[in-house]
Every structure is written in C-alpha cells, then in structure tokens.
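So that we are looking at the same thing, I have put the structure below in structure tokens.
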Amino acid sequence: MLPTTRGAFALAAGAVVLALLPFMAQVYYVELATTALVAAMLALSLQLLVGCTGLVSLGHGAFYGLAAYTVYLVTPEDAGLSIMITLPLAVLAAGAAALFVGALSLRTRGFFFLMVTLAFGQMIFFIFHDTKLGGGTDGAYLARPALSLLGFELTYTRRQRPVFLYYVALVQLVAMYLFLAFLLRSLFGRVLEGIRINEHRMRALGYDTYRYKLAAFVIGGALAGVAGHMWAMHRAFVNPEIIGWHRSAEALLMILLGGLQSLHGPILGALAFTGLGELPQLVGDAKPFARFFSAIGLADFGLRVQALAERKLLLEGLVILAVVLVLPRGLAGLRWPRFIRPAFGGRPAGNERVQP
Amino acid sequence: MSFAGFLAQLLNGVQYGLLLFLIASGLTLIFGVMGIINLAHGSLFMVGAYVAFLTTRAVGSAWLALPLALIGGAVFGALLERGLFRHFYRRDHLDQVLLTFALILLFEETRSILVGNDFYSVPVPAAFDFSVPITAGFSYSAYRFAVIAICLALAVVLFLWIERTRMGAIIRAAAEKPEMVDVIGIDARRVHMTVFAVGTALALTAGALAAPLYSVYPGMGDGFLIISFVVVVIGGLGSISGAFWSALLIGLVDTLGKAYVPAVAGLAIYVLMAGVLIWRPTGLFGQRG
Amino acid sequence: MKADAAPVLETTALSKSFGGLSAVRDVSIALNRGELHAVIGPNGAGKSTLVNLLSGELRPTSGEIRLDGRPVTDTSAPHMAQAGVARSFQRTNIFPPLSILENVRLAVQAIHTPMRGLLRPHSAARDLDTRAAAVLERVGLGEAPHRMAGTLSHGEQRLIEIAMTLAGNPRVLLLDEPLAGMGNEESEAMARLLKDLARDHAVLLIEHDMDFVFSVADRMTVMVEGALMASGPPEAIRADAAVQRTYLGAAS
C-alpha cells in the first residue's frame, strides 16, 4: 500500500507539479483540476475500504453527497460561514451517517454488503430527491464557506477564486493522503490488512473484526465528507445527483484504474477519469469525425459518428468495459515496454502483494 | 379511506410485489448459482419495458410484447452469459460491479440513441382495457388482474422447475453450497446459461408487464433494481420462496404506505430492511446462519 | 502429569446439527490443565465440528460450554480467543501474502494490544516482534522469518498455523490435526512440543495416527457419528472392546 523511498520522492514531485499548475494553466483547466482533486479525495477515502480492508461499498457516494448538502443546510442564504464551522459539521454528518449505515450493513458480507450499502445510500438520495429539504430534484445554490481561521479571513477576488479553491483542495488532498499513510503504517492498518486477506482467521485469532471494519467504514465515510464539503465549496451548488450510487461506482472505477495495491493509485485514477470525461467535450469542439467523413464524401455518416463520440456515458461505459476486460489491474498493471523500463529504473512486479 | 379504496390498494400492493418477485428471483438465482452480482438487472427490466413500448408503437398493440420479452429475454440472457458474464465468475466483486455498471451505462445510452430521453406512456392492451366490477361501487383494472395472473403463473412454473426437475435440484444445491458448483462439472455450463437466460427473461417480462402501468422513462431500472435488492436482503440468500414472500411484503408495505402515510412512506422499506438486519441479518426467510 | 482438580474447559450434552444431520450429539468432555486430551474417530465423526463449537465459531444447537466454570456457550470466536482458548485449523488457514513473522505478529497483536496502542507505527512495535520471534523459535521456524508464507512448503505452513495458535499465550489449545501432511522428523519434533505444551496448558488434540496418539495422550475420547463412544486413559481405550471392534480393529 505504501510507497518505497523512491516512490515517495516521485509522489512529492507529483505534488510539486500539482502545486505549480495554476501558474501554467487557463482558468478552465484550473477549475477542472479542482474537480479532479475532489474526485481524488473521494476515491482515496474509498480506498481505505476497498483496497485496504476488502470492503466493496456502493454507498460511499451518499456520505460525500450528504456532506455537501450539510454545507447547504447550515449556511444562511446570504453569507457563507467560516470553513472552520462548515467542514467539521459536514465531516460529522458524513461520519454519523456512515456509523448508522456501517453498523447495519457490516452485519452482512460480500454481495449482501454491496446491496445493503447501495440501498441505504439510495435512501439518503431519496430523502433529498423526494423532499424539499435541499431544493428537491433541481438542487440549490449556496454561499461558499469563507476561508477564515481564528478571526483571520483570507479574502480573494472573483478572478482569483479558482486558484484559491484549487489550493484549498490540494492541501486537503495532501493532508488526507498523509493521514491515511499514517493510519496504514499503524498497528490498526495491519489489522485492516489482515481482515482483507483472511477475515475468518482474524476472528479466530481474537480480533472482533466487526469493530475494526466499522471503524474503517466510519473513517472512510468522514473522509468522503471532506471531499463532499470541498465539492460544495467548489461548485457552490448541490443537487441529488451527487448522492446517487453512480458516483460510488465511478469512485470504484477510479480505484480500479489506478490500482488496488497502492494509496496513490486512486489519485492517479481520479485524474485519469476526470481527464477522460473531458474527451467528448474536446471531440465536440474539434469535430474530427464529422470532418474526416465529410472529407471522404460521407457527411451524413460522419455526423452520426460524431454524435456518438460526443456521448459521455457511452465513452465511460466502453472505457470501464475495456478496463475490466483487458486491464484487470488498472493502469498500474500497465508496464513500460521492456526497452524503456531500465531508463526509468522502475521495479517490476516483485514487491507487490497478491490478492487472495 | 373507504373499504373499496383499501381493497384497491391491497390489490395494487400484491401486483407490485409480484412484479418485484419476477425481478428479484432472477437476481437471487444468478447470484446463488454463479456468484455474480448483476447491477444491470434493473436495466434488463428497462429493456423489457421499452420492448413493450416499441412493439406497441410498431404494431399498435402490446399483445406481441409479452412473448417477445420472454423469448427474446431468454436468448439475450444466454448471449450475455456466453459473451461476457462467463468470464467473470471467478473475478472479485469489484470487477463484477464495474462490468455490470458499464452495462447499465451502455444500455441507457443505447436507449437514449434509439428513443431519446422523453417519458412515454404505453397504452394498456385493448383486450384488457376495462374494469372488473367487484362490489356495487368498486371495480378494478382488468389489466392489473392480468398482471397478477401472469406473474403467479410464472412463479408457479419457476417453483416447479426448481423443486421438481433435475436441473432444479442442481440449482438448489449450488445455491446452498457454492463449493458444490465445481462438482457439477460438465453440466455446469448448461446450468449457468439456463439460469442466466431464465433470470433475464423474467426481468424483461416484468418490464414488459410494467410498461402500461408505470410508463417508460430514462433510468427507470435503477429504482426497481434497488427495491429488488431490499427484497433479496429481506428474503434471505438463495431462497426463491423467501424472495416471493419478501416481495409481497415489500409490495404491500410500499403501496399501502404511500396511500395512507405518504409523508414517510418512502422510508418505510428501508426501515423494514434495517429492522431485519438487526434482528436476523441472514434474512427473514433464509436459512439461519 | 497430574491435572488440577477443576476442568478449564468443559461441555455438557453438547449437540450441533446441520439441517437434518447431527454432527455432534450429546458430547460431554472436560479439558484439564496439564493434560493432553486426544480425540479420535473416523472421518466425518464430528471432531472438527466439536472444535468449532468449543472455539465459538459455531453456536451449539443445545448443551452448554463452561470456561473456568462460567458459561460461555454463546460467546463468539474472537471473545473465546481473548479468553484464552486458541485453535488451529485442519486446513491450513494463514495469511499467504504476509511474511512468516507478520503472520505470527498479527496473532500476538490480537491478544496483547490495548485499543490505544493501535495507532503506534507497526515498525515501532518491537515488543510484538520479540514475542513473535520467540514463538517462531519454539516451533522451530526461527530461521529466515521474512519469507512470504504463501511460498513455503506445506509442513512449514503447518508450523505457522501452530505458531499463531501459541502466540497469544492461551490456556487452552484446540489442535485440529496439526500433524496432517508433516514428515517423520517434523512429527517427532511436534510430539516433543506437544508434550512440553501439555505441562502448562489444557490441550485438545485431534489426530488420526494411532501410534502417535497413544504415545502422547494423557486421556482419550473416541467419537463415532457425532457421539462419544468411549473416554478414558489410553490403556482403557486400547482395551475397550467396542472401540476395538468399530474403530481400532478397522484402522490397523
């Protein structure tokens, strides 16, 4: 799960690149990068359950969405509250919901665990979808939490905002990564690993695995709350879609893309996934298919292909299919071609752990 | 509300529950025998509903939709099993979840390309477009009676198949003891394909029956998928009769709840599920752990 | 080898049925400190099921289990382990992707870590390492403890199984065919270890090799089709006519 020394340097270098990004990119891409960082936080929080503990939950997006809605619910209409108030409240709400859902769903295993987490997640979805509590199906706008700490307020102009929010997200992502790395290094992390490999044996050894799994579930849910809070801050808007289980499934995809074996995998997966989501937009702007086919005299056909290529969910579906069919170990399973590898000094599969 | 109104809600609940049974039984069977988590099962239901919509639009009447959904569903299920699912029996849950999530997206996009994203109502087949008088002041939709009858007939056939045939015995054994599946050996491929075909056919049929009642719309499979999950959790693992009683229970609780206490009805089934998980996590009708 | 007066772990009329099959029927046995109690019986006699009941993995259909005189019939597996009842598995049940040391350290950690110690970095938990190394030394796996468990020979994996059982310093050991698949030399070492352990533990040993059983057991119980057929000192069992007819005779 945790990187080697060389890996840690690579990660630090990655963090520096991310920190410099606002100086190099246009506003649109800074905002897109913030979206990617939020997705990375969501995927990272889910990795604690999936990759570390072996719990595949489909209710994780609900805690994320609930936290975003909490920001909306506690914020007065005209002025944003301090982040020192909204963040703890959002995390608390997400953690409490995770405690409730986890306490019940962890009484089951495997397929049933999946179904129960999905069902309870949808329950939270319906609460916001079917009642007027949070603006109903249309969603609602909210005043962004303010960056004020102990009386100090960090203010920014409208034009500076994307950059400020980007750094707020980046700081939280780095903090979350370090926190999880600390957790996995601890004896608690060892117990989660043991549960993932062989829960039956852990129980026979004397571990009350239910409690450990519940602890992981609640911590993961609370961290998803951090991501959800950042989403509300980033978009200043909430709607039921962010609670729905498709968000959880996408987070699982990010994890699979980046690889189950590492803590940085979900971050890479989230970046890749968000980038992929831009593809239909780019194709829509450049219209390569329409141009190509009209150039060879098949304009009608070209327009059809073009229309298909601009469909986001079609692309997403095909990508997932491709990943589970040909890349079962995610992008992390991709290896550099043999003649490049020595130059990178990358270590081949040796120290990876086998999933049982 | 009047007694007649109550009776109508009761019948609605039974009819809804029986539809849920058609979906949930396929879900349990497929999981019980192959260990596959099919999130796209709700999309198969949606496909059935759109089959009804499209046949009605093409032929002007829905009478063709039912056999088409049943037979087409079986063939489609068999093809899906051969082409895709067969390779996922030994993969872990994460892969199965993502495979079937991808299928949901692809089914939805295909629907969107073929018929767009509008709501469409589907007319009730002309032959059943009347009401059956029950008491002096109360009559009930003939189509809903027909749905109840067809679902019950399918349920009986399903029970006989599982309880009385050789393949049914294999299926029961496999659902109770997953490690048995290996023992079946050569038969396994045939059993797997049949189970998948039957499960898919039932889901499509449920969709075709449901279309005139609920109309057809994007993402309609999702809601039914999740309620079917609740049915399976309450019913217990690997138990068709458990799924049957639990589907009826959910159908009644949901329908009566929405009629009499609409404010909290949406939550009723989840509260029920929470109660079952606290009291008997293996399900109300499953074997004890 | 004298046993203390009161049994450590004791059952009365313990039964377990799976559907129609009664795997354990009316079994009353007592395990004493300082005594090696061997349970023998043909395949499917219910020996492993008995261990599963005693270790809390299965709930009995009826009957009672007492630990130090207190009823523990419905205690879960983790709590039984915490109370000092450790078991090994007939089919090797370890953590293949972890190293030998990590396997045993998880077992040590299960019993010796208070909740607030859980956030310590695992690399700083030297006390766990020391204890795990000592246990590995005792079962004869002290060499190269950083090898991955899944790559070891069957015999070595069996030793990990035993080491994990001993790691938590239990009072009662329930060993389900610990020798299965071990070579001759390893068996002899195991016999010595078992005798040694039996001095200050209550040991229940399931084993098919009659010569071995008669050489180590202080007390024996014969199970057939879920029920107790005979129980007593080895000499009495050897002399028991019914046992000879149905079991020993057929075996030798």
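We just call them A, B and C in the order they show up, numbering each chain from 1.
In the analysis below, a residue touches a chain if its C-beta (ideal position, glycine included) is under 8 Å from a C-beta of that chain, and two chains touch if they have at least 3 such contacts.
Note that this is a predicted model, so its numbers are computed, not measured.
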Q) Based on the averaged CA atom positions, which chain is farthest from chain B? A) C
Q | Middle chain, criterion being Cα centroid separation | A | A
Q) Measuring from the mean C-alpha position of chain B to the mean C-alpha position of chain C, what distance in angstrom results? A) 48
(Q) Can you compute the centre-to-centre distance for chain A and chain C, using the mean CA position of each chain? Integer Å is fine. (A) 45
Q) Per the centroid of Cα atoms for each chain, what is the distance between chain A and chain B, given in Å? A) 32
Q) Can you list the chain A residues in contact with two or more other chains? A) 355
Q) So in the complex, which bits of chain A are touching chain B? A) 50, 56, 58, 104-105, 107-108, 110-112, 114-116, 118-120, 122-123, 126-127, 130, 246, 249, 252-253, 255-256, 260, 308, 311, 313-314, 316-318, 320-321, 323-325, 328, 355
Q.
So in the complex, the part of chain A that touches chain C is made up of which residues?
A. 183, 185-191, 193-194, 197-198, 200-209, 353-356
(Q) Give the list of chain C residues in touch with chain A in this complex. (A) 55, 57, 76-79, 81-82, 87, 89, 93-98, 102, 105-107, 109-111, 113, 117-123, 125, 128, 150, 164, 168
**Q.** Residue numbers on chain B that touch chain A, as the complex places them
**A.** 31, 35, 37, 39, 87-88, 91-95, 97-99, 101-106, 108-109, 112-113, 226, 229-230, 232-233, 237, 266-267, 270, 273-274, 277-278, 281
